[in-house]
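Down below are the structures I want you to see.
Two complexes come next, and they have one chain in common, chain A, joined by chain B in the first and chain C in the second.
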Partner chain A sequence: MPDAIGGHGPPYRFHRSRRATMEDSLTQIAKAVVSGLMMGMVFGLVALGLTIIWGVMDIVNFAHGEFLMIGMYCGFLTATGLHVDPLFGLPVAAVVGFLLGLACYYGLVRFLLRGPMVAQLFGTFGLMLFLRNVALMVMGANPRGLHQGILVGKSFIVGPGIIIELTKLAAGGLSLAAFAATWWLMNRTKMGKALTATALDAQAARYMGVPTEKMNALAWGLGGGTVGVAGALLVNFWPVDPNVGLLFTMIAFTTVALGGFGSIPGAAVAGLIVGLMINVAPIWDALSTCLGIECLRGGQLHEFKYSFVYLAFFLITVFKPRGLFGWKY
Partner chain B sequence: MEVLKRAFDFSDFPKVDLWVAGAVAVFLLAFPALPHSSLAMATMIQFLMFSVYGMGWNTIGGYGGQVDLGEAQYVGIGAYTTAVMMIRWDVPFWVSLPVGMALAICWSFIIGYPLFRLKGHYFAIATIATSLILKDLFESWSFIGGARGLKIPLKGDMPNFLYIQFRQDYYYYFIMLAFFFLGILYLNWFRHSRIGFQLRCIRDNEEVARSLGISAHWAKIKAYATATAFVAAVGSFHACYNFNIEPEDTMSLDLSVLIALMAMLGGAGSLWGPILGAAIMVPMKNYLGAWLGARAGLVGIDLIIYSTIIMLVAAFEPRGVWGLITRLRQRRRV
Partner chain C sequence: MPRKTFIVVLLLALALAVPAMAAEEIKIGVLYPLTGGAAAEGKELRDGAELAVEIANNVKADVDMAMAKNGGIKSLGGAKIKLVIQDHQGNPQLGADLAKKLIQDDKVVGLLGAYHSAVTKTVASVAERYGVPMINDSSTSPALTKEGLKWFWRTTPHDTTFTNDLFVFLEGLTQGKVKGVKAVDKKELLPAVSACEKTEWGSNVDAAIKELGKASGFDPQVSLLYAAKAPDLSSEVQSLLAPKPGTMLFAGYGADAILMIKTLKSMKAKPKVIWGQDAGFESPEFVSTLGDDVEGIITRTVFSPRVGEVKKVSKQVNDMYKAKTGRDLSGASARSFTGTQAWVYVLEKAGSTKPEAIQKAANEIKIDPSELIVPWKGIKFATTGSDIGQNELGTGLIGQYQKGKDGKMTLEIVYPFDLATAGMIYPIKGW
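Coming up: the complex of A and B.
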């Protein structure tokens, strides 16, 4: 697993004045927070697709991380195959994700909805295995990363020691744009209102003449499209391999649970929080250095950065099942 | 006595089922005497292991209707208890087996209490979350070997019944077969027991169950503990059978899902379902892997076929093979 999310812990520095150590660790904290927030925006975008699907249809999509993986491969293949900038991969990934979502809905999910909940869990799990292994067969198991493009490899310095990589910044900014677009779509257009109506009460929506079947398909399409964009953004700084999905599926579940099922602003805010959560270890290390309690440095804390996410999911669903902004439970 | 009588009471099944089950039992007992390849032997042992895993899952997932996707954490607990005790303190398998089961039950109580406040999807994903947390813990805990896992040292004399280390596979086979038969008897008792009826009531309608005075939360926790004990027992066996365990192969999500999937493919909530599921799935997985996986350029094609089957079953026959059989029978009767 590449260590692309969090920074590394601050290196030990011996024989330096207390003041220097303190400034150093403050910088480290700022760095970790900034990188966490920027990753968080992408996490939010990953979770957005899931929250649309989950909110509208109350079905859990285990294959969500695999949609992301396909989005990442789309970005990668567009950039390397056509020798263009990775940013051109964004629309391609969006379209491919949209079509993939539609295909999954009409090919599989439509049938799963008739069965019990267990069938939905296993059906989407089967989809996950299927997509992962198709990717394995077509693309091979080696991790692939992008090494060129306008954004790749460039960074600028904000303040002493805080380096912002342009890829991450662009990913964060474009995620925000995608969020705004989705929010507008859901709240300001007739189609979005129909989607929300379906989410609130599918039967009533059907009585009011909303084509709920089409709305379900649309939710899957939108879910796939947004996560495709997230994948194309992510591939700029995160190598892609066929097994990358599960981690992101779990992160997305946590984000959705934290933000509240079916809430778009919730997904954005929760994404930021999850991004910070993954950087808890460096932040804590720097903080303990800063306060002079180095004995409390979490030595192995780095190995548990994803455990925090899983633990958060567990605690949120048990103690606050509506999440931060949720209206549905 | 009453318990034993109930455990051996199969009278509510149709005669045909019992004949088939008897024939299968005879076949299982005679299998090592028949000519077989070593792959076939390994497949049979795996089939028995996954049947017992599935039986465990069936108590909570089938009868209780709570889809648990975190069983692998108990495989890990059982396997690591046995391995650590054997390596560090030279404790025989038959002592560490109940210890592992007890630890698994303790852990299931600890996480089961909050877990069962959740329902449906949320429960399923939360079990995955706990399982992954435990896996991360095991991977970084150096006392139990960390991510590299543990290797069980070989004792000198080979047919060693105390530490179950054998050169021939059929010893392992018979030990697992004993677990298998015990599991069937236990589940047969469980079906008719008070908790079994309570669980089915909860699965069908939890509000009604509560209004009848069943403590749904407690019943689920008890069933969960039962399930984990089964799984941990097989986990202990797995450690001794493989000699080599690591978090990646004993505690991964794939294993959890495989366990649940086999039970569901066979038919959750029926006595024979998990066995049927394992009988279909394990040979398919092993032989497809052996035939297709070895060919270059076809990496993962066995898993593609396998996941297609999962999707088809989930979409068209969510009650599994046993549900299909039941439906065919009903149609014939009408």
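Coming up: the complex of A and C.
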């Protein structure tokens, strides 16, 4: 046998049977898919608030990522300030997010509605800068992460080595629950019907006695509350700093565009797709090893992991502006 | 007229007095990341530089260093050094803007910094444009000294040196040269994988690892770059762990290095060796956040408090640093101390604050190893060749985190082999 570890051999320098390599690759792909789906559920939850606000009011909330950042700080501060498990931060973040949404509506958005579309764009953009800089002033620029907690750093193995991180599993599960609750609220309650009516035709809804002003406020509250919960879930495994919102705003926009503006199931499905997109690199690594393709192997795609998401955003807005489940545009 | 003459004389006297007064204080502009992902390292760097200035400005009888005896710059009439410290947040553009401000508004004599190689690069180009001398204490991208800059000198060894040390060390591990470990079968250590953050520094480390690893067969099978600022590393770690690596090599700044280890732990990684390229792997925050999880991780460094056992002056300075900050000197603070010290000696030799005089002094200076707290062969900047401005006499260490009897995590030296302070823990215990 030639020297298998001499450094000039093919990438897999060990003598493994093709079958073993294949099984390995399949496990790797399964791992990447599972981890992508778990992240995807959280991305979906992040996007849910954005899609509710858009659906009801036709307003794009640029400050959405900042709401998330505030949710993350809520989770973080509850856990470190009160020395309790980060999971207790969830209700706190939900309440804070809801109130923040209401405050933004009554304090800013209500007035923006009277102006032209451009005023709404600049208004929420200004809100974004304002919230980010307030956070910078209060919390400082350093990233903070949680290092203790029931779930933090724990994981278990399923099947042939698929590792499930508890923080992400919990985040995924709770975000499913939040989706279900929101769906129920929107489709099975009177309040939800009023919200939908406002979304479909605000003027007609007003004539029918729906308090549209209150519905708008409620949409902002719900939007803030759901993204607050997403933040408190995220902070279990994602360090928070005042600029963290930007990345998530971009991801949330892609998710909403992909799922269709205003669609709740759309946000969930699109979230999963975005989660998978971020895991394209490990999937490709395993696939290329399995199939013996030399191109872009060995982790080279990781540099572009968010580029795939942005590319998808571009393609969707150009070719399918309604998104997958869109009913309004 | 006597009155007019008097006024003229008065003005002349004032004009002469201003430079004379200015000479009593020599301002050096310092750029470090005091907030942001590498804030903890930035504070270390600042504390190290401030301690060096304290020793240079005051007579400290208990420190065996020439600059501790002078109480200021002797050749400039005992002028004191003042650091004007700015926070560049790890942002290259901000770094360049702050450098201009320091040069134009604060009228600094020279610059020191800036830790992140990407920031040092932009700051160095500002210094070059304005003809202001800059000493770099802590950036290790080899490219910085490849551009033939005339106003840039670097005291720390760079990543080519450090990465070379790594492969010599790994080879040594297979040859039984490492203290406390029998010769390891090379197969155990293979394949190697690497992940580096993707700015100037990390991408150069990545290139160095690929290049220098080839000869010994340790070049990584998976090598990826990641954005230190978008910190979810689970997809990256999945790719890294796919070939079941024996050796994992990393270059990360602050928060991302911590996240990397946390992710490895939650993904149940089982490598034999984990090596970090200093920076994030060496910060006190790395140890305080991860606790026992760091045991067995090795990192290249330029300093360990253990150096004090063989170098008296290191212990003296480390004691002062500890009294001041409550921490031991780290690779970051020891290097900022040494960089600041180089500034003091250059100014002493120049005997002037004119840029040309400083340039000449920096190009000619030779600082004796006995003056330094780091275990180098001295400081002498290259003036010819392909590495202009680089200190030719710097050397690296490789340390391993080990838990002492007192329960404290210490960086024990495992390389160079003859300086080893403890037997190496092999393989890493894992989680």
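We adopt the following convention: the second predicted complex is superposed on the first by the 307 of 329 C-alpha atoms of A that agree within 3 Å, B and C clash if a C-alpha of one lies under 4 Å from a C-alpha of the other, contacts with A are read in each partner's own complex, and residues count from 1 in each chain.
As a convention for this text, contacts are C-beta pairs under 8 Å (C-beta built on N, C-alpha and C of every residue); 3 or more make two chains touch, one makes a residue touch a chain.
What you see is a predicted model, and the numbers here were worked out from it, not measured in a lab.
Trainee: Looking at A:S35, would you say it contacts chain B, chain C, both, or neither? Reply first, second, both or neither.
Mentor: Second partner only, chain C.
Trainee: Applying the document's definition of touch, where does A:I163 land relative to chain B and chain C: first, second, both, or neither?
Mentor: In the superposition, A:I163 touches chain C alone.
Trainee: If we overlay the two complexes on their shared chain A, which of chain B and chain C does A:A119 touch? Say first, second, both or neither.
Mentor: first
Trainee: Determine, under the contact definition given at the top, whether A:A199 touches first (chain B), second (chain C), both, or neither.
Mentor: neither
Trainee: So in the superposed three-chain picture, is A:D24 touching just chain B, just chain C, both, or none of them (first/second/both/neither)?
Mentor: A:D24 sits against chain C, while chain B stays out of touch.
Trainee: Classify the contacts of A:T317 with the two partner chains as first (chain B alone), second (chain C alone), both, or neither.
Mentor: After superposing on A, A:T317 lies in contact with chain B but is clear of chain C.
Trainee: So, does A:Y306 touch the first partner chain B, the second partner chain C, both, or neither?
Mentor: both
Trainee: If you stack the two complexes on chain A, which partner ends up touching A:A141: first (chain B), second (chain C), both, or neither?
Mentor: Both: A:A141 reaches chain B and chain C.
Trainee: Indicate the residue numbers of chain A shared between its chain B interface and its chain C interface, in ascending order.
Mentor: Overlap of chain B and chain C footprints on chain A: residues 140-141, 300, 303, 306.
Trainee: Could you pull out which chain A residues touch chain B in their complex?
Mentor: Residues 58, 60, 108, 111-112, 115-123, 125-130, 132-134, 136-137, 140-141, 246, 250, 253-254, 257, 300, 303-304, 306-307, 310-311, 313-314, 317-318, 321.
Trainee: Touching chain C in the complex: which residues of chain A?
Mentor: Within the complex, chain A contacts chain C at residues 5-7, 11-14, 24, 28, 31-32, 35-36, 39, 140-143, 145, 147, 153-155, 157, 163, 165, 167-168, 237-239, 243, 247, 278-279, 281-282, 285-286, 289, 298-300, 302-303, 305-306.
Trainee: Going by the contact rule at the top, pick out the chain B residues touching chain A in the complex.
Mentor: 61, 67, 69, 114-115, 117-118, 120-122, 124-126, 128-130, 132-133, 136-137, 139-140, 253, 257, 260-261, 264, 268, 297-301, 303-304, 306-311, 313-316, 318
Trainee: Okay, in this complex, where on chain C does chain A touch?
Mentor: The contact residues of chain C facing chain A are 35-37, 39, 89, 186-187, 190-191, 193, 195, 198, 213-227, 229-232, 234-236, 238-240, 242-243, 255, 258-259, 262, 265-268, 289-290.
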